[in-house]
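As structure tokens, the structure follows; a few thoughts come after it.
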Amino acid sequence: MVGGRFAGRLLLTAAVLGACTAGAAAQDDKAFKLGVVAFLSGPAAESFGKPAWDGAKTVIDALNAGTVIKPYDKVGFGGLKIEVDLIDENGGATKQVEELRNAFERDRVDAVLGYISSGDCLAVAPAAEELKKMLVLMDCGTPRVFEENKFKYVFRSAAHGGMDNVAMARYLVKEGIKVTDVGAIDQDYAWGQDSWRDFKGSLAQLQPDAKTKVELWPKFGAGQYGTEISTLLQEKPSLIYSSLWGGDLEAFVLQAAPRGLFKDRTVLFSASDHVLQPLGNRMPDGVIIGARGANGQFAEHSPINDWFVETITKARPGVYPVQPQYRGAQGVLAVKTAVERAMAANGGKKPTSEEMAAAMVGQEWDAPSGHIRMALGDGHQAIQPNAAGRTKWDAEAKMIKLIDIVRFPAECVNPPAGTKVVDWISEGFPGAKCN
Amino acid sequence: MAGWLRTSAAALVCFVALVLLGRVLPNWFVLVATLAFAKGIVALGLVVLMRCGLVSFGQGIFFCTGAYAAGLTIRLLGLDDGVLLTALGGLLALILGLIIAPLLAGYRGIFFATLTLALSMIAYGILDKVSWLGGSDGFNLHAPSFVGYHPATPQDVSYAIFVLTSLATVVAAALCRIHFDSLRGLLSLAARDNEIRVEYLGASVRWVSGMNFAVAALLAGIGGALSALSLGHIDPDFAFWTTSGEFVFLAILSGYASVTAVFVASIIVELVRSYSSQYFPNTWQGALGLFLLLVILFLPQGLGSLLLVRRGKPKSQEVRAESGK
Amino acid sequence: MNLAAAIFLDGLIDASWLFIVAVGLTLVFGVLNILNFAHGSLYALGAYTAASAVGWYYGGNIGPAFLGYFVMLAAALVVAIAIGPLMERGLLRLFYRRDEVVLVLVTYALFLILEDATKLIWGVNPYYAYEPYGLLGDVSLFGLNYVAYDFALVGLALLTGVLLWLGLNRTITGKVILAVIHDREISGAMGVDVNRVFVLAFTFGVFLAALGGAFTAPKISVQPGISIAVILLSFAVVVIGGLGSVEGAAIAALIVGLARSAAIHLMPSAELFIVYLVMALVLALRPEGLFQRTTARKI
Amino acid sequence: MTPLLQITGLQKSFGAVVAARDISVFARRGERLGLIGNNGAGKTTFVNLVTGYLKPDAGRVVLDGEDIAGLPPRRVRRSGVSRSFQIPQLFASLTPDENLLIALGIASEDGMSSWRPARSAAMTAGLDDLLTRFRLDEYRHHSIAALPGGVRKLVDVAMAVTHQPKLLLLDEPTSGVAAEEKFPLMDVIMRALAGSDATVLFVEHDMEIVGRYAERVLAFYDGRIIADGPPAAVLGDADVQRYVTGMAS
């Protein structure tokens, strides 16, 4: 009977094996297999996942059709058609590690572009490095990825969260807003904690006598902020800072506006342009908005930006592209640039991970949001221009227009190479190049 | 005694077979199998518990104990020997289990399940909040060493972890088999059937439950440590209720007719999950749920029953034990 | 003084919401001995349905504004009637002969399926039902501005609680349900149509979940993921109150609500953990919850 | 010589209902006692009180000089008291074989403290002996559910004697058994017990069985013992006939 059990084990293992080794895809050098990871379900799907995928897909389709303007007019990636393996980011960091390994080792993708959650980025980066495979992080904010590790095969095609809050603090100065005291409300997980830390630090540098009245830490996905709003109303800070995003931010605005929280005080949402369209005129006027880069309405006119806006609004009528779409597109163009640089170097063959990685180090490219440079983390971490502005409901256009826009060059809001954001802020932004 | 020998022999053969298989299998499958076995060990613990009529919906608390024990030892103490870490994870989980056992040994059925779930939620809350435990983002582990051997390539690392996991798996499987076939194992089934009679025969139901609970905790801890090592990452999700739910699913899916079934089941689930999220990226959760429902509906006694039938063995004591309730 | 008042008011508002979502869970648990993991998804269904209905109602100026509340109520009813019997008769029933823990697993599967089902029906874009929120204007208490709607929710919670209590203790059906809660076998033996009670209780549980969702919808952005927080919170409340105890749910909701608002006002960094803390304390002192209904091993 | 069992002033009431009022009984080693009394007279309550399923409100239950009153069944069993049940309490999902193995295992020296296989040589020897004594060989591998009522009773009793009890209480061993099987059943039980010097105390409604197998009879009525003596005397007693047998027959 034990023998039988053993036979059973072998038999089944064998069967299972046959079943799945069959699934392992073979490499094909006429096409470039790109794994794209974004939230397709769960709390971040609406605000970031789907739109980011829309942005990336729009560009990928155009690239495969060869309809993108110069310098991106080559079909696909350097002539290689782009095949996408779409993966849902929902389900926890450990699942992402598994899926990333499967994508590389079973489904043989040539590179992976994606990840929105900082937790996922931190988790998957070492896995990709271990496998010596090309991983381009697309959206996640935490600076820890490249400040605490050295990677060869991992890149981030967008600026990290540090600049968001430096820019916000700088904007207050530029607009001559005197902050006497601050009330903060941020989700109690890494994103909220880091954002508030950076903003608090930056403000301490730029407006030293601004005090912190209260720090509120609702749970991620709480959705109910009655008590927090009461507390803020009681403390009456002159500035309210929040890094809330997506559904939580929308709920907060819906609940806070009727209670007069926005009256006679400045409210600042550090990463919030993605809620403007859903909220419409429920978002009060005069709120200071950040977009994690010169994305959406903050983006300056440029051939590639005009092309992008036109294409995506045609592809998805009624949707005006904002941060996630921009970052999705930015990531695809980053990979395209690297692949084509690598092919220029290796004589037009489909590049290996090594070649792609080598090509992407320190690369520069033009994205809808402006000129991007892999400046930090030994050329693995991008920096990009940033901007901030205020909300203003436009009754004719039936949408919120951003006014009083101030743009900051990348070097003004990002630390110089080799400096950690936290230190850079606490030392008073040494080497910042603002004009 | 012969039973001992036969089981141990079979275990040894299985181990050798796995070690060899691991060499020929594609690396991605080795990784899948490693995780599947690690989770299988946890599910095996649940099976032990189920045999005395208890199902814990909070194995996550021991799973994460094992994982964090291993992770923090690497992180804070710099000790990175895989074998040591696994043992440590198991040990700490066992201790925690022995502390909790008296609190829960008095409860049964759904109440037991719910209370264990509540405890694991508390663990989740703590891990999520306490920053030196890595907070919500958790933290990464560098590759472990193995009694002095430092694997060079990632493939070697994953293979080494696979071997370690296989070893833990066959040992756990063999011990559980021996336990199930022993008087003690029989007593567990008895306690599940009729507690009054067990007490009247002079044995303590609380004691039986407590013991099985502790064993389950130990196995969950080992599984947690191994998962952490093979994933190279730890976060509070290790204690989340969906994680615990997955273990219960594995245990129910495999039934307790056969120890082997547990590991076959967990490999299947691992594959179903990863393939469904590849082929239906938008509806993989629903697909998983549907799979779950169908299995529960059409395999009421778990995969194990299939295995036994295939073996042409008459309805075994365990199978009836399951339909018994 | 003002602070204490604020803590109390905010806690009360929070508690009313907690109670509505938790009491359905505890009722279903009491009667069917099912810990319904899909409870949160049913809440989400209620929210989505209400949001769509409200959107339709105000979008087309169908009728007077205040009737919007009845539209929300109707939405919850629709969900309950559409889902409740179907789920209980069509699915759960098939597993009653099996170990009760299998049922928990079944509801877990349902949770997964419903999550994606809602996504397929409503997509991932947010839905709003904000009109009813502002309808009642706002009131100023102790120097703080509140939206009157929130106090309406407190009223709704009280009403739900009272009606539930009366329904259980003053009507035949209620007494029958209590009998089943007390002892399923005996009531069955005494000729109670347990199946009927099951459908009834479960459907009512679904209704309460959907009601919670429907009347929260105006305050939030209805989109994927809203169910998770709900199932965890209501579960905590149920455990604290004692599994299957309606009174317990009420008290626990109040305790949790007040604890949370006190934490936010006095020690904000503890907000995330306060619920778990309360739960830990209760479990340490009375593992069976405040209003114990659990049966320890009978020896 | 001192009696094996000396019960004095045993009291138990459930709210207003008094189930045992000041019961005092003694029993000698190896004695066969029959307990009679109509339903609700307190026979089963008496058994439950002696075996620790119920805690007495007052009274002493002295066995071999040790007061076991109020101890849990587990402890009571260890000190040598064992019982069978009116409704057999078996492990329904296991076979009679396994049921008895468990009983033997718990009774064996090291109890359940060992992980030795269920079917070690020593175990199976004891098992076979038990099976033959109680005529269970042919049923050993059937499932409990499939067993005839009488056989279930036998398994139930067999499980009760695995540890050589000093005192054995049989709660209505023949209830739920067809009339023509009652005597054969009692024969098997009594013969199986013949070897031991255990004191056997059996609750029984059938007066013929009491007359045949009991050396002494205790008649219960309303929580009291109204008669105690040799079968003939007790069954002849006027009160007993009015309150017990009259109703019972």
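Think of it as A, B, C and D in the order they're written, each chain with its own count starting at 1.
The criterion applied here is as follows: contacts are C-beta pairs under 8 Å (C-beta built on N, C-alpha and C of every residue); 3 or more make two chains touch, one makes a residue touch a chain.
Here the structure is a predicted model, which is why all the values come from computation and not from measurement.
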In terms of Cα-based centroids, which chain occupies the most central position?
-> B
Please report how many Å separate the Cα centroid of subunit C from that of subunit D, as a whole number.
-> 52
Whole-Å distance, subunit B centre to subunit C centre, using C-alpha means?
-> 33
Could you grab the centroid distance between subunit A and subunit B? Build each centroid from C-alpha atoms only and quote it in angstrom.
-> 36
Distance in whole angstrom between the CA centres of subunit B and subunit D is 43
Listed in rising order, subunit C residues that touch 2 or more other chains are 115-116, 119, 272, 299
In subunit A, residues with contacts to at least two other chains = 40-41, 188
Hey, what residues on subunit D touch two or more of the other chains?
-> 72-73
Answer with line, ring, star, complete or other to describe the graph linking chains that touch.
-> other
Chain-chain contacts, ordered by label, are A-B, A-C, B-C, B-D
In the complex, the residues of subunit D that touch subunit B are 51, 53, 72-74, 77-78, 82-83, 89-95, 98-99, 101-103, 105-107, 111-112, 114-118, 120, 123, 143, 159-160, 162-163
Which residues of subunit A touch subunit B in the complex?
-> 1-6, 8-10, 12-13, 16-17, 19-21, 23-24, 40-41, 85-88, 90-95, 97-99, 101-102, 104-107, 118-119, 122-123, 126-127, 130-132, 142, 144, 188-190, 193, 220
Given the complex with subunit C, which residues does subunit B contribute to the contact?
-> 55, 57, 103-104, 106-111, 113-115, 117-119, 121-122, 124-126, 128-129, 195-196, 199, 205-206, 241, 245, 248-249, 252, 282-283, 285-286, 288-290, 292-293, 296-297, 300, 325
Listed in rising order, the residues of subunit A that touch subunit C in the complex are 40-46, 49-50, 188, 214-219, 221-224, 226-228, 230-231, 233-234, 246-247, 250-251, 254-255, 258-260, 278, 282
What part of subunit B is in contact with subunit D in the complex they form?
-> 1, 3-4, 178-179, 181-187, 189-190, 192-194, 196-204, 208, 317, 320-321, 323-325
